[in-house]
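Have a look at this one before I ask anything.
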């Protein structure tokens, strides 16, 4: 496929591309990770002024919020936006588009083969300075950097699925692959040698190897959380803040049903339940919330890991949801975020399926 | 007859029954005086597709030993296609239970038409027996749910 | 005057026994107290009617994973049952519960609210990562030993409401060398309990009073210092922006807050969401904006909603994945807003919620207050 | 209303619980007095609720209903629970009783302690216990029900018939009366449709003063529901007109497959190849079949089952019409040799054999082949004995398969009704509602429904008419379902889940406000949308989560 050779490092190249898109008026705004040089604090920037690009860090291995979620509403503004998204953010966004929470119409999506991101605490503690350089060299060698999010280590969907432009950085140099007409059209006139090339498959294979191994480990480690007791062990310390659902790119509800009146304790049932059990936990429905949320979104889970990051009591939420999600999606050979045209499994059905049920 | 009052454990099986088929099927079982255990606790819904999987989870976590969902046979839904959605939702729920090592056998989906009174009685009896073998639902006593 | 509860080896154990007794003697039908979760690295609120379960519970938990008032709310929001429940909690939790009762979220008729001299709590994240040393730390705190401020929840180091509140019953142990606990009735309900146990409230409490006074002095000092620092940090818009620079809008602070009782937070509702186009327009005028947007709107807006009832329990900071000193900022602001109405959150003195009432004669100087205000400055001084 | 300590006023409910003995059917098994005692003993579990609980012989009897009515009035009941038989038997009976009082019928519940309790549970004690549980469940559920008010709608008895073929005209005639206008909308310039012969109905329709005929006109838009449709019509000369009607009958007929579709048949414009329907029409009109040069053909071949394999179904009627045509040609011009080339003869019905006999007697040559292909005017016949023979004819008449009419798809979209696997309109239910569709008030007649004979078409037309006649009685009003879904706008995100799962198209996207909107007149209250909404933004009246949760709670005490 048509690709652009990047002379400098990928970040600089993309920074230039984004600046070019803005100054050439092809897009009205750009969504990308930023890092404020002074404070070192990172955030997602929606940048409209090319000069603002200096702060842009398109491939910063940090996810302060799933950009798919952040992009959601502004993508429907009718203005043209170029967004740099990590593969799971793009997939998250795609899932939201299926739920009318976003639109590709005026969007140029730029993604890259993703080496994973660091958990929030590492970002806050200001370790990035040391971490990022090693991260860059290791990922260029298809090796797994230390200290990434658990779900990133175990992520097998690190190659963008439906981006307009995807970036691959390997030992053999850095390439910008143009996957769509929109990509061709927008990059027209942008400096850089055009060649016919694909992302280095052996590089991808080597990454996949370590990812699959890590995933096996992760799922293995979650086995102990199996069964009712295991589940209670795992979620027993949940404080019910529902932060996991608020930062989830799939949980798009503005009101979570599990916070509705339907799930409040009712007298006298609470009393009877108390008599039956001798004791009860307050607030109630910890497990119900987790199971319920699984029924609502597990098949769309993109395993971005935000939920684990924000959990105040460090429950490995992301691992559990990824593990379960792969099975529920697997029932329908569904791959969340693969293609915005692929219908959400629970919204459609086949007359001839699941014959063994019922 | 299965339900034996000397047995100290009569399971509680919350049963969400579609008004148009399974509930009518249950009525027919009655009209034919087909005996089935007291374990079945019928709750009528307009369509099995009305049953949010969360209902089943709630019943399960509230100590229901089994949860039965009765719907029209695929293709015969009074509302055209509701039960196809039911089937998918149920499949997903079972998958979740399995992947978390929860006893997914405590959840059952059964297609029982309005004319299948005997089937309703049979399903009730067999499922009750199955649940009795599994024993009481541990969630009955669990404190940290 | 107070009744005396002898303490054998450990304080917490003695209180456990007390709670077990009142359950056994059917003085109450259930008690609400913390219990270690199965995984052993946290505690949860457990309401228990079976007295044998009390043995596994912990009268005073090292951590505060869920603010007790939220537990009480979940129990009584839809009206309380016929059973009498005694809830043993930290003072800040009792105060939050009293605020919530004013907001109709907690029904106190059948509740007996009991508090104890709180030595502070261990931050959640450090406890989860190392429970055993967290428990050691808390034991030291209970024994009144010095622990480095960094190890304790920041809001606790500057808490001045750590003891006697408007609880029905108070367990005073400061200054008593861990040999005994004073049972101080704070209401007829509390008195009834002592009477039912035939415990005469005949002990005078001067030693304890003194110990509490001393500690309060210390706390007030460190609080003033904290306020000073916070006041400096959040000066002006830039100050706020710096303090909240790492905020990722997860809204955990709101979710953990005992006072934020809304089902659907206004700032998460459609009504508060900016139209995508005007969002982009504002990006254009600024050359760029940060997403998720409206962080300042959320935090300042939340202040207007709840700072008058803020009890400075510090749950917001504990729940913040970005280690933002939310609690420090909010209690700093709350202190100001509450003073402005001579209101003290969590008092049972019949004061109505300031925003539900007014006095014709009040706030005459309000115009000046505003016009004199410099960003983050001390306007009303 | 009662004063509480807080000075706020709280609702107090007076719930009446009435147990029907149903002779021995219930009282013979269940100890009703014990049930009543059990429930009364815990009346304190309901806050601000007073329970009135009684038993009675046969509540469904005349005196029983009167008794219930008086009880409701005398005790000023705010809610009513009747423990008796299956709702299928007497739910409506007791709702009727409520409506004779101030008690809203939707603040009442029937508990089935007969079919699903006394009749199926052997042990009296267990049955008694179970009955108490059911009744408790209903008490706590009825307390969470809310008044619903039926809104009867004026109906428009008129009907629109789309398609002026046999089925369309038949339906129009069956419906038209001085109390009901019928709008017969025909796309082409003349009535008659696809059935090669002139129907006797045509004259009648034209003369019927209550039938308005729109020729060269098509339906361009439709909104509304049973009893109240607004239909936009567009005529060939671009004129727009809007008519209103209570029902729509789709009788748009069908088309014939293109014989050349299958690779096995190819011919050119100039060749004398005319599909069956054309031939029928010409013969009907002219009395004979001439070649283009005006001479009579000496040999004619009628080829059966053309396009059957491609379509994947047997049209069922072409064998018969092919043979009839062949016979007719022989009768009208005996000097013409007619050959019928068939593979399998499909001649269903009592008349089938006669048709075959007539054909034989009239001297039609019948050739059975394994397969037939045509190039130009030469047929290549694969005989059953394996040999093959090439034969040329002066005229070839392929019996092409019956396929959906071109407009089927666009109309289906307009009316939100599904198509079957072959692309014909799909009926609501093949057993229970073969003439109806998923959109109430829209019916299908004739070959728009699939291949069928003219006679069956007219039977379907009458079936549709019957539906309309019973559903839309002039002067009567219809009561739409009230147990429908509503949307809590504050919680709705407009994700469209509910739109996707609703087969009735009862939910619309309000893209401007970014939420979904329910058309209550179309909603049937199945609740599927409800289960598809993670935000809890939908509520199906009378089946709310809260109501169901309370029933579950009670069941699991």
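Think of it as A, B, C and D in the order they're written, each chain with its own count starting at 1.
Basically, a contact is a pair of C-beta atoms (placed from the backbone, for glycine too) under 8 Å apart; a residue touches a chain by one contact, two chains touch by 3 or more.
What you are looking at is a predicted structure, and each value in this text was computed from that prediction instead of being measured.
Relative to chain B, the most remote chain by averaged C-alpha coordinates is C.
Centre to centre, using the average C-alpha position, chain A and chain D are separated by 45 Å.
Inter-chain centre distance (chain A to chain B, centres taken as mean C-alpha positions): 37 Å. Our note on geometry: chain C versus chain D, Cα centroid distance of 62 Å, whole angstroms. For chain D, the set of residues that touch two or more other chains comprises 47, 490-491, 493, 501, 514, 532, 545, 549, 553.
Along chain C, residues 37-38, 44, 46, 53, 79, 82, 264, 269-270 each make contact with two or more other chains.
Across the assembly, chain A contributes 232, 236, 254-255, 257, 260-261, 266-268, 278-281, 284, 346 as residues in contact with two or more other chains.
The touch graph of the protein chains shown is complete.
Across the interface of their complex, chain D is touched by residues 79, 82, 109, 264, 269-270 of chain C. Listed in rising order, the residues of chain A touching chain B in the complex are 225-228, 230-232, 236, 257, 273, 276-281, 284-288, 291-292, 294-295, 298-299, 320, 323-324, 327-328, 331-332, 345-346, 349-351, 353-354, 357-358. For chain B in complex with chain C, the residues that touch the partner chain are 143-144.
Within the complex, the chain A residues that touch chain C are 28-29, 31, 34, 36, 39, 41, 43-49, 51-52, 64-65, 67, 69-71, 73-79, 120-121, 123-124, 229, 232-234, 236-237, 239-243, 246-247, 254-255, 259-261, 264-268, 270-271, 274-275, 278-284, 309-314.
For chain B in complex with chain D, the touching residues are 1, 3, 5, 10, 12, 14, 24, 26-27, 29-31, 33-38, 40-47, 49-53, 55, 58-59, 62-64, 78-82, 85, 89, 121.
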